[in-house]
Structure formats: C-alpha cells, structure tokens
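Down below is the structure, laid out as structure tokens.
Chains here go by letter, A, B, C and D, matching the order in which they are written, and residues are numbered from 1 within each.
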Amino acid sequence: MCRFLAYLGTPIFLSDLVCAPAHSLIHQSMHADEGKTPTNGDGFGLGWYGEREEPGLYREIRPAWSDENLRSLCAQVRSRLFFAHVRASTGTATTRANCHPFGLGRQMFMHNGQVGDYPRIKRRMEAMIPDGLYEHRLGTGDTEAIFLAAMADGLAEEPVGAMGRTLGRVMGLMRDAGSSQPLRFAAAHSDGTALTCFRWASDDRPPSLYWRRVADSVLVVSEPVDERSAGWQKLAPNHVLVARPGAAVEVRPFGVLSDM
Amino acid sequence: MCRFLAYLGTPIFLSDLVCAPAHSLIHQSMHADEGKTPTNGDGFGLGWYGEREEPGLYREIRPAWSDENLRSLCAQVRSRLFFAHVRASTGTATTRANCHPFGLGRQMFMHNGQVGDYPRIKRRMEAMIPDGLYEHRLGTGDTEAIFLAAMADGLAEEPVGAMGRTLGRVMGLMRDAGSSQPLRFAAAHSDGTALTCFRWASDDRPPSLYWRRVADSVLVVSEPVDERSAGWQKLAPNHVLVARPGAAVEVRPFGVLSDM
Amino acid sequence: MCRFLAYLGTPIFLSDLVCAPAHSLIHQSMHADEGKTPTNGDGFGLGWYGEREEPGLYREIRPAWSDENLRSLCAQVRSRLFFAHVRASTGTATTRANCHPFGLGRQMFMHNGQVGDYPRIKRRMEAMIPDGLYEHRLGTGDTEAIFLAAMADGLAEEPVGAMGRTLGRVMGLMRDAGSSQPLRFAAAHSDGTALTCFRWASDDRPPSLYWRRVADSVLVVSEPVDERSAGWQKLAPNHVLVARPGAAVEVRPFGVLSDM
Amino acid sequence: MCRFLAYLGTPIFLSDLVCAPAHSLIHQSMHADEGKTPTNGDGFGLGWYGEREEPGLYREIRPAWSDENLRSLCAQVRSRLFFAHVRASTGTATTRANCHPFGLGRQMFMHNGQVGDYPRIKRRMEAMIPDGLYEHRLGTGDTEAIFLAAMADGLAEEPVGAMGRTLGRVMGLMRDAGSSQPLRFAAAHSDGTALTCFRWASDDRPPSLYWRRVADSVLVVSEPVDERSAGWQKLAPNHVLVARPGAAVEVRPFGVLSDM
C-alpha cells in the first residue's frame, strides 16, 4: 500500500500539507494508520503545476522521513495543484521510475492499491500500451502501466470514462489469468486544471480516501493529515470525485465494465 | 534505536542470520518487536572477517528490506565472525558514514542506544579523539565518536576496561552539560578474534540483548531471530559478554566510572 | 559505451583486477582510453561465482570511483570466475536494474556496445522474450533484453549459437525499423564453468576486447588494465573466445545470421 | 576541482543556466574545459532564494548528468538569485552533506578549489568554528568549515572582510602544519540580497572565474556556459566581485592577511 494527497486551490506551499501537519504525509511514511502497513518507506514523489506546461516531478527512493531535499523543496515551492505520494511496494523494485506520481506531458497520475496477481498479467497489461506511448514506460510497476493504457484510451480528455474502461480491461486480464485476488484502486489524475480522484475495488475493500473543501481549495487524502475530523468526508467506495477551479466538487458513482 | 546481531563460531553464510530466519535482521528492519521503533530503515551495515587482516565493510543508506545487494552478498559471504546492523537514527543524518558497524584496522564496533543530549556534547565527545585517530572520523554520529575515543584508550587491547572508562568520560560530559537524559548502550566490539558485547544504561532501561550458544558458535542479538526461546538467554543489564573461539562464554558485571 | 573485465582461473581477489592495477576498472570508470567516452560513471556491477549455485551480484548506480563498498567487497571476495563492469549509459535510465552484469540462475551476462535505434525497436526486442522469462525483465535496457532473448534460445547450453541467432534477430528488427545505425557488441557470458566472450559489429567498429592467458588463468578486458602490452592479445573483430578450466583458450570466427 | 555558477538579477528559470546552454553546468559535470578534471561527478547542489527567508537547497550525490530530478526542478523553479555547483571531490566522501552550496539561515556559500593538506589541518579548521555554529557542521569537508568559521567572523555582515580574515587564519594553520601546498579559492557568498564572488590563491593559480552583466542581471561562472566570449570578463586573480540589485558591479582587489 501507499499513502497520498492531492490539492487543488489557492496556491499554497507544498509543506503546508506534506510536512507541517501532525499527521503529514511525511509522518504517514513511517506511521500510517489506515494503510496496509504503517511503513511507506519505498520512496516518495511530488508533482506540482507551476508556470510551465508540464508539471514538475521529484521522485526519490529514500524514505520520505529522512530526505532533507524533500523538506527544503516543499518549503519553497508554492502550487495551485499538486500531488504527493509515499510508497510501500507491492513487489516491484524500489527505483525512481517506480515511484509516483507518473507524468506524461501535462498529465499526472498516482495510485494506492494493488493489481491482483500483477506478475502474471504484467506482460498483457503492458500490451495495452500502444507503441507511441510505450517508450514512456520507464518502470516495471502496475500503476505506470494502468496510466499509460488509460492515456491511450482518452485519460487526458475524459478521465472517468477512460479509467473505467481501462480498469475493466485489467479486470479481464486478471480473470483470464485465473486470478482470485482483488483489484484495489484509490487514485488521482490531473490534466493541470481538474483533479479527478477514484475510489474503487473489485472486492469490498477499496483503499481509504477522504476529502475536504475549504473556501476555494479541495484536498484529497488517503488518511486525514490533521485531527479536524469534522471537516473530512469519506469518499464512498466505487465513487469518483472531480474538482475544478471555481466549481462545486462533484462526487458520482464510478463503475468498471468487467466484461471488456 | 537500532537492531543488530553479532556471530562468532564455525563459518556460516551471513544469510543464515541476516536474511533467513522468521525474524531475521532484515525482518527487524521493518518489524522490530523490542526496539524503540518497529522501523529501522535509516540504513544498514555488515562487517565480516575473512582472509584479510581488515574486515570487509558494507554500509548503505537504503532500508535493509529493499536492498537486493544485501541479500546477494549475505548469500555468498561465509564468515566465522561478523556483525550486522539496521539503523534507526537518533537525529544524525542518514549517510553511509553514520551507518554501523564502524571499522578501524582490524577493529569493528556497533551500537544500539543513545547518548543523551548528544548535540550539546558532540563537540566535547569529538575532543576525546586524539589527532591521530581524528582523521578516521568520517561521520557525525555519537557511536563513531565513542568508538574512536575508546580506541584511543585501549579498546583494541582491553575492550572492557577501555569502554568502561570511555563511557565514564561521556557520562561526565553529559553531567557537565546539565543533561538529564540517559546514556543507553548495547554494543559489540571485535578485534577479529574475540567478541565483546556490552549491555549498560545510566537508567534502568538498557536496550535488549540476547545470546545463545550452540556447539562452537555464539550469537548475540538485539532480539531473537527465531522462536526457539528456550535457547536464548538475556544478557543482564550492566553486564558484558566475552566470547572467544574454543573458550567458554564469559558473562561478567560491567560498570562505568561516572566521576572521570 | 562501457568497460568491463572477465576472469576465469585460479581464485584471486576481485581487487587484483578491479581496483589494484594502474588502469584498473575503477580507473577506467573515470579515465577510459579506448571507449566512446572516458567517463563510465552511470553505475557499476560485479558478479562472481563462489560456493553457491548462483553467482553473487552487486550492482550500484554510484560511479565506481566513489564507492567505498565496491573497494571493500573486492578486497574480501575471492573468486575463480567473475565479471566486473562500469557503465556509460546509451540512453536508458541509471538504475540498478540497468547495470551489468545480468544474472539468471547460474548464468551471467554483460555487454559493451549499442543496439542502433533501440528506442524504436525496444518493444519488439522485448517480444523476443517468452513469458516464462519475461518476469525476470527488471530493467528497460537493451542488454537485458538480448540476454533474456538469448536465454530463451539456448544461451545456457550453447552460448555461441544462441547469441549468433539472437543478434541475427535483433539485426532483423533494426532493419525492419529502417535503422541505419550499427549494432556493436562486445560481451561476456558464463554458466559458472566456461567463459564466452564475443566481439562483433554490424559495421567495422566493434568495441575493443583484449585477452591474456597466464598459467591457468584467462583475463578478458575492454582495455588492458596494465601496461604489460606484450602479454595482451586483441580479440579480432567478429570472433568469439571460449575459455574453460584446464583447457586451451579457443578463438573462433563468430558470425550473425542477418536474415532471420 | 568543481564548477559552479551564481546568478543575480531578473528572476529566471534555473534551467536557463544550469541545463540549457551548450556548455551548461550539467554539461560541465562531464566535460569541463578549464577545471582540474573534466569530470565533476561527485554530486551537485542548487540553492535559490524565493519567497522564504531561507533559500531552498537541493543537494544530491548522483552525477548531475544523470539526475532527472535536477532537470525537472530547474525547469520549474524561477529565482532572482541562485547558486548551482557540480562537485569533484578533493578527498572527502561523496555525501549530500559535503555537496555545495552550504546554507545557514539566509546565507549561502560555495567553493571551488582546495585547502592544501586539509586532512592535516582539518581539526584545527573545525576549531575555528565556535560552539554555537558547530552543530551546523554536518559534513567533513573544507568548504563547510571555512563557511562556518567565516560566519563566526561576520560573513553575514561584511563578507569581504570576514573571508579575508578567515582565509588568513587558514593560511596560518597550513603554515603551522608545515604544508607546502597552496590554498586555491574561487567562491561565492550571498545573504539573499548581494552576491560576493572571490578569486584568490596563495600561489599564482586561482581557479577560473568569469562574469557577465546583461541589463539588470549578473552571472558569475567557473567557465563560460556559452560561446559568447565577447560578453565574458575574467575576474582577475586576487579580486572580489560584488553585485547588488540596481547597482553597478564592483570589482576590487582582495587580499588575505597571512600572518594572523
């Protein structure tokens, strides 16, 4: 498992969420409460939108709790839309290329969960990525494969539909491989304008996701970074949240077509 | 806190203790039971005596649980006397130079515990290291400083006396600095022939140490690597264990002169 | 480009070749004379046969010239058959999984050279790897893909034939992709008993390889590690060298079937 | 030796100087022309002033040429005053704590050169650092020691005088230790407002420094990042350059009192 957070709103310093709160993401890298493991020490990553077309990406294999670069960077960088992720590997190697978030052009994506029996279907998941996108496959993990496959199916234009279809295809591969393990999927996507967060599982145990709206800002987290529990709302299983600047947050049912 | 193990006896593969048991040192790097923290992910180190005068040293900042080099090395290297350590930092940086064990010539040393108020007395601890040894000070931590100071006071020749005196001096520095924190000290030293393990604290909470003798081999651990609890003996607080090839294991009271 | 060395013979310390000579492999990591670049600082790797069925593997992304673990390990480990490699990336990421040598069971493989237009044919090269071996694909580079494809075609049983056929298939992929770049191939394989070294190119510039026999030992290098030039012989372009314990070194023409 | 650059002026992206030019700092990490070695692959560092009181610091041990985080960060971060440095170690370990620039509060400092016989006078150089600043000594190198000693002597308030006195003291230590090696010093300091660059040596071979003024911006480099040689001026040996926003660049003789 992993832990992550995504923010959209008035530009703030990344440290306001990644470092400062009592149960910040850095704190969660060693003491997560609701994840599969308390430790998420297999690397971390930041992605943030600034002045450029493409977001900045900073991914490192060191545990987040011991990286001074992470703290310095978060203290300096202000952003209106950013992702942060601490990783607990579900089997693939601890390399920068397997850390989240993943970026392609203006798109960013990160995930917490698992693809059941991934080693057995890894090859077929990679086959879902068309040639033109395959050169962007730098790692060996399931999240990157899902991201690139979904990009091929319109993730940049209509993330909800594209991800629903892509997860459906992955479920098909798992079924064809005779897997009895679940696909668990808490994830976030952005195109630099909107933030789309998914919470879905093929069983009844999707990884946790909470969200909070304060004035113009929306924050989505694996687990609350502070104790103001009154402000946090759970994202219901099998739902998707879409946040856009200046618009109300949308929460809708999200389904996956398993027969594709 | 940290976790470690030391072995003296018939040559065995390092993996037999570092990797293979149910509660191996690698397992303890993420799930320690008796340490201050379950996570000891701030680097690790191996030291082993082979054909050379000096022991081999392998120290790395990655968590032990995710380092494939560690596993491959342990599977290949056989040794009659070796140290292995997984680190949980008590404040100093996560760098190779701050990982244990420390080596100097044929001597090796590692530690689990803390020096109370170390930042306030760091400079005076370093002043205990004479010029000739100071160039070997590569890190910034308390363990290395204790090691080099004890080396100056005869650690290589009579480890028990040298360490007693050195810890006494450190206690004096802590007292002079007005510290109310304890000095906790579970440690191991070797000169390539004997293994000397210390368990001491200025309060009543020295870090745990267990040992077991099987035929010609002696194993000393922070916490048992397997469930054969009948075989493990606790090293009593304020005692020292000395093991030599072909001799009975000695366990004696160990004291520190606090007024030096 | 990269630089490497392979040794078969009376067990020696790895440091005798990797660290000690005037133009050791570590020296070549910063000052190579005959490679494409003087700098080979994109990681390094060691592989050595010891008591186990599988060889030990140690691969790291740091430049070889600044890694104290490498020096300590080489000083301690004695082996009758080992590989050492310092890497200059031809485009793929600097990660441990892209460092050489590659290992699978008892087999080891390393390479110096290039596969022309690799990014364009990467996917088709990976398709040469059957499912059962694909799970061992941990990196993203060309060498690992060649190795696993050749393993599928009998590299463990008859390395020369398997590699000839595999390179022929790679040439075919390059031709189909319309590439005008060369395939350059200096490489070494071992099954733990024999050492097979290849020197081939599709143009007239295969990377350099030299060899020397002294008593029972054979050493093959990208460039001589010392100045005893009288002892070094060049391996001619498009030739293969096979060394076995207790047998004469064989040097034979090596060809690649480009029409497969 | 090392290579560095410092910029003061209209805010620009760090990549405009660190990554983009033909002979950018990243290019100089592998192909420096005027340094002691072409390779400066023992780590790198960035320091930049933004919205905060303290500058951001990003230091890493990987060679600059292979670090994707460096490129991404430089592409995103815009600053009015920043330092960038690629390191070639003169003996001390390759750790983040030994990479430049060094920061303390609002002050930044970096250096290219050497302190002759540093290992022999290291301890006495450290003794120049008063207790209050000694806890900020995280590394083991000469540059950090000079920086902290100069901070104790007024570097933040009057950098030219403080550095002159500090270097004089270091020269005295070298003389007392019987050293015949030179002290070579190309360095940059900032307090977040002014940029002060030094070029001095105790022999006649101070490391190179060039500067260029374009409109409101001043750029100081170890070697020119582009070929517009008409625009670059050499900073003469034993001179100091001071740049402040909205003021003319000052270049004055800089001397060191060797008899202190």
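FYI, a residue touches a chain if its C-beta (ideal position, glycine included) is under 8 Å from a C-beta of that chain, and two chains touch if they have at least 3 such contacts.
Just so it is clear, the structure is predicted and the values come from calculations on it, not from any experiment.
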Handout entry: Number of hops, subunit A to subunit C, where each hop joins two touching chains
Key = 1
Problem - Proportion of interface numbers common to subunit A and subunit D (over half same, under half different) - result: same
Problem - Pair sharing more residue contacts (C-beta pairs) when B-C is set against C-D - result: B-C
Exercise for the section: Using mean C-alpha positions as chain centres, tell me how far subunit C is from subunit D in Å, no decimals. Expected result: 40
Practice task
Please list all residues of subunit A that touch 2 or more other chains.
Solution key: 68, 93, 96
Fill in the blank from the handout: As the complex stands, subunit A meets subunit D at residues 48, 50-52, 54-60, 68-69, 72-73, 75-78, 96
Fill in the blank from the handout: Residue positions on subunit B within touch of subunit A in the complex are 30, 37-39, 41-42, 61-63, 65-66, 68, 89, 93-94
Exercise for the section: Spell out the residues on subunit A that touch subunit C in their complex, using ranges where they run on. Expected result: 93, 95-97, 119, 122-123, 131, 134-135, 137-140
